[in-house]
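After this come two complexes, each holding chain A, first together with chain B and then together with chain C.
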Partner chain A sequence: MKIKVELSGGLELLFNKIKTHEITFDDKKSIPLKDLIIWMKDNLLTERENLFIVDGTVRPGILVLINEADWELYGGIGYDVEDGDNIIFISTLHGG
Partner chain B sequence: MANTSELAVCGVNDHEDEGNEFMTVNKVAKKDRHKICYKCRDINQKLIILFRNEAYCKTCYIDLIRKKFKPNLAKCRDASRPSRESENVVIALSGGTSSNVMLELIYQNTTNAQKSKLFFKGNCVYIDESSIYPNLKKDDIEVYLKKQCNLYGYPLTIIPLENIFGDNPENREHRVKMLKESVESFSSQTSREDISIFYREQLLRKCALELKAKRVIFGTSSVSLATKVFSLASKGRGFTLPNEVSISNQTEVGGDSIIFNQPMKEFILKEIYIYSRNVIGDLPTQFSSWNAPAKQSLNTLCEDFVHTLQDISSQTVYTLLRSADKLVTPTLDNNFYCSLCYCHLSTHDINHINSIKNVKSTNSNNNNNNNNCCSDNSSCSTTSTTNNSCCSTNNNNNQLSNDTLCYSCRILVKENRNPNLVLPKYIYENSKSILTTAQLKNEIKDFLLDDNDD
Partner chain C sequence: MSTATTTTTEQQKKKLCEICKVSRPILKRPKTGESICKECFYTVFEDEIHHTIVDNQLFKRGDKVAIGASGGKDSTVLAEIMTKLNKKYDYGLDLFLLSIDEGITGYRDDSLETVKRNQEQYQIPLKILSYKELYNWTMDEIVKEIGLKNNCTFCGVFRRQALDRGAIILGANKIVTGHNADDIAETVLINLLRGDIPRLQRCVNIVTGSEGALPRSKPFKYTYQKEIVMYAYFKKLDYFSTECIYAPNAYRGHVRDFLKDLEAIRPSIIIDIIHSGENFHFNEEFKMPVQGTCIQCGYISSNQLCMACELLKNLNSGLAKVKLSLHNKKLKSTNPQHQLDENNNQNNNNLEIKI
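Take a look at the complex of A and B:
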C-alpha cells in the first residue's frame, strides 16, 4: 500500500522541514492510524516527539484530516489508513 | 433518493476540483454511508467536517461559516450610523490562519456580498514583530499579506514593532535596540510576551487614530479567547477579563475612544483551519523553527491546557466562554485606565489616585536619573530635538507613577531587571494625563455643589 502524509502549520519543522512524505508499506493492505503515527515518530520525526505524540495519539492542537475531511467523521485515532489515503496533520498552535 | 436539482446546485464547486476528487468522493460515500450532509442531504456530496455534531459537505460548510460570521461582523459597526454608510475600520492581521480567514469573511460579507451587504471601509494593518522574534519569516508573511489584501482590495500598512519608540526613519536601528532592551529586561518569558502584546495593541490604536478609524477588528478565535480566560486569571488580570473576552471592548486614548472587536469569537480552530484549507489554501509557515516549547510561558501553557480540554470534550471552549460572558467588570470610569495596558482601573485604584494631593510627590517609578534616555548617547542626540524622538530629554516627562498602573502591570514593572529601563513615551504620557485629570477634578471638587447641600 502507498499513502501520502502532509504536514503543515509549522508541524513540518519537526519533520526535517519536509511538507509531503510518500510512504509505502509493501507488506500491508491497511494500517491503523495509531500505528502510522508511531511509525512516523520512529522514521520521519527529527525532533521533539512530545510535540507530535502525547499518550499514544496526536497531540491536542494538531488537526488531522483524512483525504481533506475532518478525522472526527472517521472515528479519529481509531481510523484504519488504506491504500491511496492522504493523511494531513496541521498544527493549530499559536495560530492567531 | 437524491434530488437531481439539489445535486446540480451543491456540486458546482466540485467540478472545478481536480479529477482525483471524484475518486475520493466515491470512497467516502462507501466508507461513511450512514452520514450525509446535514444541510443538503445529498448522498453524493463528500463530507468535510463534523461541525458541532453535524456533518457538512464543502459547499454547505462554506455557506454556513459565512452566514455565522455575518451577525458578529454586524456587531462591529456603529449602530447609530446609517446602514449604507461605510465605517472606517482597522483589520489587524497577524499572518496567522484565523485573521486571514477573518479577512476573507469580511470581504465575502461586504464587497462580494450579493444581497444585504455590510458597509465597511477596511484598512489592513500588520505589526511586524521580527525584531524581537528573529525566527519569524517576515518576508514570506509580508509577500503573502500583500497578495491577499490586493486580492480583496484593502490597503495594507506594515508597522514594525520598534515604532512603539517613534517612527523617525533615521534612527530605526536605535529603536530596535531600545525595543530589544525594553523587552529582554523582563525576567520571565510570560512578561516579555505580554509587554510585546501591549506594544502591538498600542501601535494598532495609534494607527487607527491616524486612519480616522474608531475600531480595530481582531481575528482572535474562541480557543485563543478561552486561553485568555485562564492566562488573565493566573496573571492577576481577572478584573479586566470580561472586557477582554467580549466581542467588543472599548478603551479611551487621550479623549478618543477605540473599540477592539473580536468577531471570530464563535469559531474553534478546527472550523477556521478547515475553512481556510477549502477556501484560501495553505498559508506560509510563520516561523523558521518551532516557536514555543510547551512550558515556555504561562500563555503557552494555558494554550496547551485549553487544547487538551477541548480534546476531552469539544464543548469545553464554548462552555468556558459562555461562563466568561456572564462576568461583568464592575466600574467603567473612562478617565482611569492603566497607563501601560489600557485596562480599566479598579475602584480601589481610582480612589487611591483621587486621594493623591500633589502629583509631584507620588510614588514614581522614574528610574532615569541621568537625563539621557539610553546608554548610547550618540545615536539619540541626533533625534532628541525632533518630535519623533524615541524618548524625552526632559526628565519630567519620563515619570511613570505606579498608581496609574493596574495591579498586574505594577507587578510586571517591578519584575524588570534594568534600573535604567525606558518605556515607550505613550506610557509616561498616559500616566501624566491621568494624574493631571485627577488633580483637576480634585481642585474643582470644592466648587461643585454637593448633593447634600440642596
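Take a look at the complex of A and C:
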C-alpha cells in the first residue's frame, strides 16, 4: 500500500521541516491510524515527540484530515488507513 | 482490516451533510456536533461571524478599521472574512492591515512577508509599524540588554500600545483582532486561576479599550480555533506558523493543553467557559483601578506614567534589569493589588502576543 502524509501549521518543524511524505508499506493492505502515527514517530519525526503524540494518540490541538475531511467523521484514531489515503496533520497550537 | 471497521467506514462515507443533505461532509462542527459539507461550512462560518458583528454593533458605516495582522492563521482568516463580509453585506468600512514589527530576526521578518502577500490578495492597504520607530528599541536589542527573563513583559506592553498608535497615525477609529473563542476561554481560566478580578471581568468583553483608547473588537469571539484552521485550509489561505523564538509562554501553555484535553472529551467546553465568564457577577465593592492618562505620552494609564513609558525610562537609562526587580519588591511591600497587576502584566501580555 502507498499513502501520502502531510504536515502543516508548524507541525512540519518536528519533521525536519519536510511537509509531504510518501510512504509505502509493501507488506500491508491497511494500517490502523494509531500504528501509523507510532511509525511516523519512529521513522520521520526528528524532535520533541510529545508535541505530536500524547497517550498513544495525536496530541489534542492537532487537526487530522483523512482524504480532505475531518477525521472525527471517520472514527478518529480508530480509523484504518488504506491504500491511496491522504492523511493531513495540521497544528492549531502555533501562534495566530 | 476488521469487517466491523469497514462497515463503519463505509456507512460514514455514505453519510450526507446534515444541512444540505446533498454533499459529502468534511467537518464535524465542534460547537454543534453536526457533520457538514464544505459549502455549508463556508456559509455557516461566515454567517455566524456576520451575526456576531451585527448583534454586537461592532461597526458603523464609514468606520476606518485597522485589522491587526501578524501573518498567522487567525489574523489571515480575519482579513479574508472582514473584506468578504464588508463587500457582501455592504458594511461601508474602510479596512486596512496593521502589522507590528517587534524586531525579532527570524520570526517577525518572515511572517511580515505573508502579510505583504495578504495586502495584494485582499487589495487593502498595509501599514507596518516597528518597535524601533515607536520606541527606538527592537526586541532583539531589548533581549540583548535585559536577557530572557522579562522580555515578554516589554513586548506585550509595547505591542498593545503599538496597535493603538499605528491605528491613530493612519486615522483609524477602530481596531479588530483575530482572538478566537479558544483564546478567550484560555484567558478566562488564566484570570480565574490568578484571582485577577479586573481582568476576569474585562476579558470576555467583545469590545475593549473604549475609555480613552481606540475601541478594539474581536469578531471571532465565538469562533472555534478548529473552524478557523479548517477554513484557512480549505480556502488555501496563505498563513505563517511559527512560535516566537523568545516566548516560552509556559503558563498559558499549560492552560491551553488542559483546555484541549477537555475539548477532546466535550467540544462545547470552549463556548461554555465563555458563557460562564459572561455571566459572573462581581462584588461591586471591589475597587477597580481608576483610569487616567500617562503624563508623558497621553496613553491610557492607571498610574502617572504608563507601563510602556515606565519600561522605556528604565531601558534608556540602562537600568531595566535592576529597576524591574526593585519595582516588584517595592510594590509587593505596599500594595498587594499592584503586585498582582504587575505579575499579571507579564502573562496578560501573552494574549496580546497572539495577534
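Note that in this section the second predicted complex is superposed on the first by the 94 of 96 C-alpha atoms of A that agree within 3 Å, B and C clash if a C-alpha of one lies under 4 Å from a C-alpha of the other, contacts with A are read in each partner's own complex, and residues count from 1 in each chain.
Note that in this section contacts are C-beta pairs under 8 Å (C-beta built on N, C-alpha and C of every residue); 3 or more make two chains touch, one makes a residue touch a chain.
Keep in mind that this is a model prediction, so the values were computed, not measured.
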item	value
Overlay on chain A: chain C relative to chain B, clash or fit	clash
Which of chain B and chain C A:Leu93 touches, first, second, both or neither	both
First (chain B), second (chain C), both or neither touched by A:Leu73	both
Touching partner for A:Leu13 - first (chain B), second (chain C), both, neither	both
Contacts of A:Asn50 with chain B and chain C, given as first, second, both or neither	first
Contact residues common to both interfaces of chain A (with chain B and with chain C)	8-10, 13, 59-61, 63, 65, 68-70, 72-74, 90, 92-96
Partner chain A, residues of chain B touching it in the complex	23-24, 27-28, 31-32, 35, 46-50, 55, 94, 96-99, 219-221, 223-224, 269-270, 272-274, 277-278, 282, 285-292, 294, 300, 303-304, 307-308, 310-311
In the complex, chain C residues that touch chain A	1-2, 5-6, 8-9, 12, 15, 24-28, 35, 70, 72-75, 178, 180, 182-183, 225-226, 228-230, 233, 241-244, 256-257, 260-261, 263-264, 353-354
Touching residues (chain side chain A, partner chain C) in the complex	8-10, 13, 29-30, 59-61, 63, 65, 68-70, 72-75, 78-80, 82, 88, 90-96
Parts of chain A lying in touch with chain B, wherever the complex brings them together	8-10, 12-14, 47-48, 50-51, 59-61, 63, 65, 67-70, 72-74, 84, 90, 92-96
